[in-house]
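Going by the order they are written in, the chains are A, B, C and D; count residues from 1 in each one.
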Amino acid sequence: MEPINLFDYEKLAQERLDPAIWEHIYGGSEDEVTLHANRSAFEHLRLRPRVLVDVSTIDMHISALGAPLSMPIGIAPSAGHQIVVPEGEYATAHAAEQANTLMIVSCFASRTVEEIASATTGPLWLQIYTHRSLEITGRLVQRAEHAGYRAIVLTVDTAHLGRRERDLRNNFQRTQYAPLANFIDTTGTTPAQLNHLIDTWETVDWLRSLTKLPILLKGILTAEDALLAVERGVDGIIVSNHGGRQLDGALASIEALPEIALAVAERCEIYLDGGIRRGSDVMKAIALGARAVFIGRPILWGMAVAGEIGAKHVLEILRQELYMAMTLAGRPDLAALDRSLIKS
Amino acid sequence: MEPINLFDYEKLAQERLDPAIWEHIYGGSEDEVTLHANRSAFEHLRLRPRVLVDVSTIDMHISALGAPLSMPIGIAPSAGHQIVVPEGEYATAHAAEQANTLMIVSCFASRTVEEIASATTGPLWLQIYTHRSLEITGRLVQRAEHAGYRAIVLTVDTAHLGRRERDLRNNFQRTQYAPLANFIDTTGTTPAQLNHLIDTWETVDWLRSLTKLPILLKGILTAEDALLAVERGVDGIIVSNHGGRQLDGALASIEALPEIALAVAERCEIYLDGGIRRGSDVMKAIALGARAVFIGRPILWGMAVAGEIGAKHVLEILRQELYMAMTLAGRPDLAALDRSLIKS
Amino acid sequence: MEPINLFDYEKLAQERLDPAIWEHIYGGSEDEVTLHANRSAFEHLRLRPRVLVDVSTIDMHISALGAPLSMPIGIAPSAGHQIVVPEGEYATAHAAEQANTLMIVSCFASRTVEEIASATTGPLWLQIYTHRSLEITGRLVQRAEHAGYRAIVLTVDTAHLGRRERDLRNNFQRTQYAPLANFIDTTGTTPAQLNHLIDTWETVDWLRSLTKLPILLKGILTAEDALLAVERGVDGIIVSNHGGRQLDGALASIEALPEIALAVAERCEIYLDGGIRRGSDVMKAIALGARAVFIGRPILWGMAVAGEIGAKHVLEILRQELYMAMTLAGRPDLAALDRSLIKS
Amino acid sequence: MEPINLFDYEKLAQERLDPAIWEHIYGGSEDEVTLHANRSAFEHLRLRPRVLVDVSTIDMHISALGAPLSMPIGIAPSAGHQIVVPEGEYATAHAAEQANTLMIVSCFASRTVEEIASATTGPLWLQIYTHRSLEITGRLVQRAEHAGYRAIVLTVDTAHLGRRERDLRNNFQRTQYAPLANFIDTTGTTPAQLNHLIDTWETVDWLRSLTKLPILLKGILTAEDALLAVERGVDGIIVSNHGGRQLDGALASIEALPEIALAVAERCEIYLDGGIRRGSDVMKAIALGARAVFIGRPILWGMAVAGEIGAKHVLEILRQELYMAMTLAGRPDLAALDRSLIKS
């Protein structure tokens, strides 16, 4: 099968990957209610296309915290890409660069922040958890700043690692397949240490004091927390439920977006991940208040199927679908994607 | 199986047609969400029948832009009917004539507008896209006017051809099966040229200046665009999502109808296509604001099964079902089909 | 299998009956949307049970147009019971008598009105259609009055016989299995003549002038028609969609009931049929405004399985289930079954 | 399979138990609509997690009528535990004690109230029905008071035993597997006598006069009855539909909770059982107004799989899941579980 959409890549990746790795990528927490809600919430939104608009030029350029992107679709952070391809994050970074878009590097990458930065001229953000020792995290942030990363993304939905039952049944250990490159020289930092982080809003202040880079919070799902984030002066929010891998039963990210957009009132940038599989999903997210979206699993599928080329193809498929969706919806630029696009 | 309803014709047609042709006719764009929504939206509407009304005579006559029709059911435009039957649009036109109803001829018909006009005394409308060269389109409109067509239907939902993945997987090329009869003498007009039309509301003005024929816009799904159409002085609107073949995720046509009817307030005629499979669907559409409806795929099924006779039978089945539905709903004429018919 | 509920009787009846007869009893019109809606509408109603009420005595006695019944469950009219059991309506009448409840006899019974009346001391109502010749109908009404029937039920939802596609496919002719006993001596009255009745509200006046018996209209589904019925002075309404056999897509009878109860405001008696399969369904119908309910298909299932005893058992199962439901809902009599029973 | 959640225990228990016993435990009344509603109502509630809250300590301690518990999860009463394990309620009581939580002992336990009390130092409540002779019930209450039970739970939803059709088909007799230990010396008290209790609000007064122990009513599903309970001075309410085993069609217990919490306004303690299978369900129930929840079937599954250890493991799984859910929802204690947790 020649893959023509992201679902094709999903099927092909499943065929090629070790079942335990496949399940690790596929799975959500507990009953996977939120995992499925992320998709079904998109499917239930109905579009109101406009006609006879001049769509001879579709402009999907956007800047993300100042960095120009060719489209409002970037790569979400996910741990150790060597799990699917030997090149690991090199492949991902090249794909992002060729697509002229942004990659968010996971602190649990299987390549160091410096290695990844040296492999691309494209914009990079670093996703971090604050590990038990703030010192370790602080060093990593400074390394990223030094290596030219443009922003720090603090994941805030992982006070404890979600209960992913597929991994428990498979006794899956990610570090068997992909090293924690950024922590190899650090005594004692292991995924196990992630099991109880104790971040609070003070952590954000600490991070603010540590770096001049813009700061985003990833994992916000309520207007209340979005307001607190704005008050703390963060530069961006990523509306996310961690791909359905943390609190099972949490609302779909696209369901959370409208109240957050209303509360933020453009005082910081808003992004979204979770459930994006079609260009029309990107359009829906932007219409409901996101500046851009990030995709996680589909990038891994692309790499599992065809390495860097696969990841690039996944991005290009979404770009073409978004181009098509904006054309057919009569919305020639991203500013035209407003609430009137969605049937209420 | 002796077909007694349109679903029977669907099954029989699937048995008889080449699978790639079947999928071409069946399919919608991308995930076919809108394709299925067209049906399910009808199924979810509940009817409120009235009783003890005099239904000894059921009057379903109506005029469409002045042309008298025996029933509020016409034939929607679809490309190259030779794809299902060698006679192509001759068969369709004969079926429409015998049913005393209207046929909308696709500009991509496999017979020329003149050939089709000469085959019938019934009313014909011509559906057009504005091709890259307005000159080509202009010539076609003038040919249609000369051949006695009663109106021009400009499809406005196809700025780009929707992504029909079944056709992509089958590498389906419609022109292998049915020629573009109207463009055979035209250098360089191919379906590929449809891939990026750049119509705007000015196109409507241009069309208005070109012909005295009534003009309809097909593919409107919002009150906003319906108002713009009225302001431009169009004679009619066809509420349509192109049978679920253009923007996937677009709302069902019957879902769009109420707000459009409210906005238009009888300042132009309103028609609908998409998902009509039963006489009671026709009744629902009229109750929610349509003057008449058009059917597309069922006509092709009829022709695939029994040529002209099949197409005629499909129309007669719907007529009988509508007759029955109006009788059982206690609505003896089309004016009696109002909002009170639908449970809110 | 020992049948312990009505669904058991359904399965057993299907095993025993000729498939064409089974389908005739089972089927609804067209896509059977209304047939299924009749059930699902009941299933979606949630009950609010009260506790610590004195339910040591459950009183489910009621009168129907003055006739005392042991429970608010009667037998709906259905044609020719010889279709399932040689004794035909004798069996049904005996079952009703033993259950101390009411039977509505169909004018298309396979026993004459006089024969049925002579077989039972229980209350009977006669259901009629007004046939092409009012004279024929008039004679039948007078025969019923003379034979001691207590009321006339005019079916008003059958201006034309609904399109029952199962019967069409089976080429099913009911008169092959069960004679039209009441019309055997009448020249030229056949089921075919039912195909176009032309009743209007004047028919009700005519019927009123013809007989002193109470008159009910069966097949009303809207508040508008209920009001007209009250204005004409009818004694009762049976909310019904003819078991999903007439207008497909019509709302479920239980969905129609609340607006009708509100409009009637106790100015005539209200009954309901359609979809009753459990005692709790009876309770729901009464809570939403019905005085009693009628069951149709389950009686035929009972008779198909065990003749008169089966029909009686079906009635007794429902009685026991209603008894249980009222007990567990904390409603010791029918007056206690009000809107507060249903979760809104 | 190593069980890691309650659904695993369900599957394992089904494999190990005699099918008739399995069905007895599994089943609900009639069509099991309420049984399934108990689960689906939980699944449809969407959570709004907060972030960056200090969750370094999760406090799930609570008191139940003054008795300190380590978590808001106790054991619901269910009859004769010897049905699944020879030790019967000894195993259950040990599991509760080790989990530092509460067990509600059924009056139909297969061990006497004294035996169970002597097996544990943990808090016990006694669930009772008022049997035909109040004297029998009174003696049992006094025995419980004497044995150190902390409260009496009067089940109020069982005026008649619900119609559990699985048991009817299996001709299941619980006393074949588990004796009624508390009534062995009592002439003539059998489950059959439960078939028609005639409790009223006066029964509550009688019980109040009989014992100084706190009194709870189990089986309340409406605000009306919750108010009456408060007026009668009860100490607690258990919102419950008896696990879907009494009135089929009754609303899910979690659906009933909000109106009851609103009506009670903290004038007595509110508990809930029915459908709890995940820690996040516990969290949802508390957010909507419950003080704690009780689980029934899962305890029996645990015991069927591994006796006392299994029951303990079931409790510990739920504790861990609740711990995780509170952590990931950013709610470090039970007071933080309020309505804002649930997406409205």
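Just so we're on the same page, a contact is a pair of C-beta atoms (placed from the backbone, for glycine too) under 8 Å apart; a residue touches a chain by one contact, two chains touch by 3 or more.
Every value quoted in this text rests on a predicted model; they were computed, and no experiment measured them.
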{"item": "Partner chains shared by chain B and chain C (touch criterion as defined above)", "value": "none"}
{"item": "Homomeric contact chain A-chain B: same or different residue positions, threshold half", "value": "different"}
{"item": "Intercentroid distance (Cα basis), chain C paired with chain A, Å", "value": "60"}
{"item": "Chain centre separation (chain A, chain D; CA means) in Å", "value": "42"}
{"item": "Contacts with 2+ other chains: residues of chain D", "value": "none"}
{"item": "Chain-to-chain touches, reported pairwise for every pair that qualifies", "value": "A-B, A-D, B-C, C-D"}
{"item": "Of chain B, residues touching chain C in the complex", "value": "4-5, 43, 45-56, 278, 280, 284, 321, 324-325, 327-330, 340, 343"}
{"item": "Touch list for chain B against partner chain A, complex", "value": "30-31, 33, 37, 156-157, 159-160, 162-163, 165, 168-169, 196, 198-201, 203-204, 217, 219-222, 224-225, 228, 241, 246-252, 255-256"}
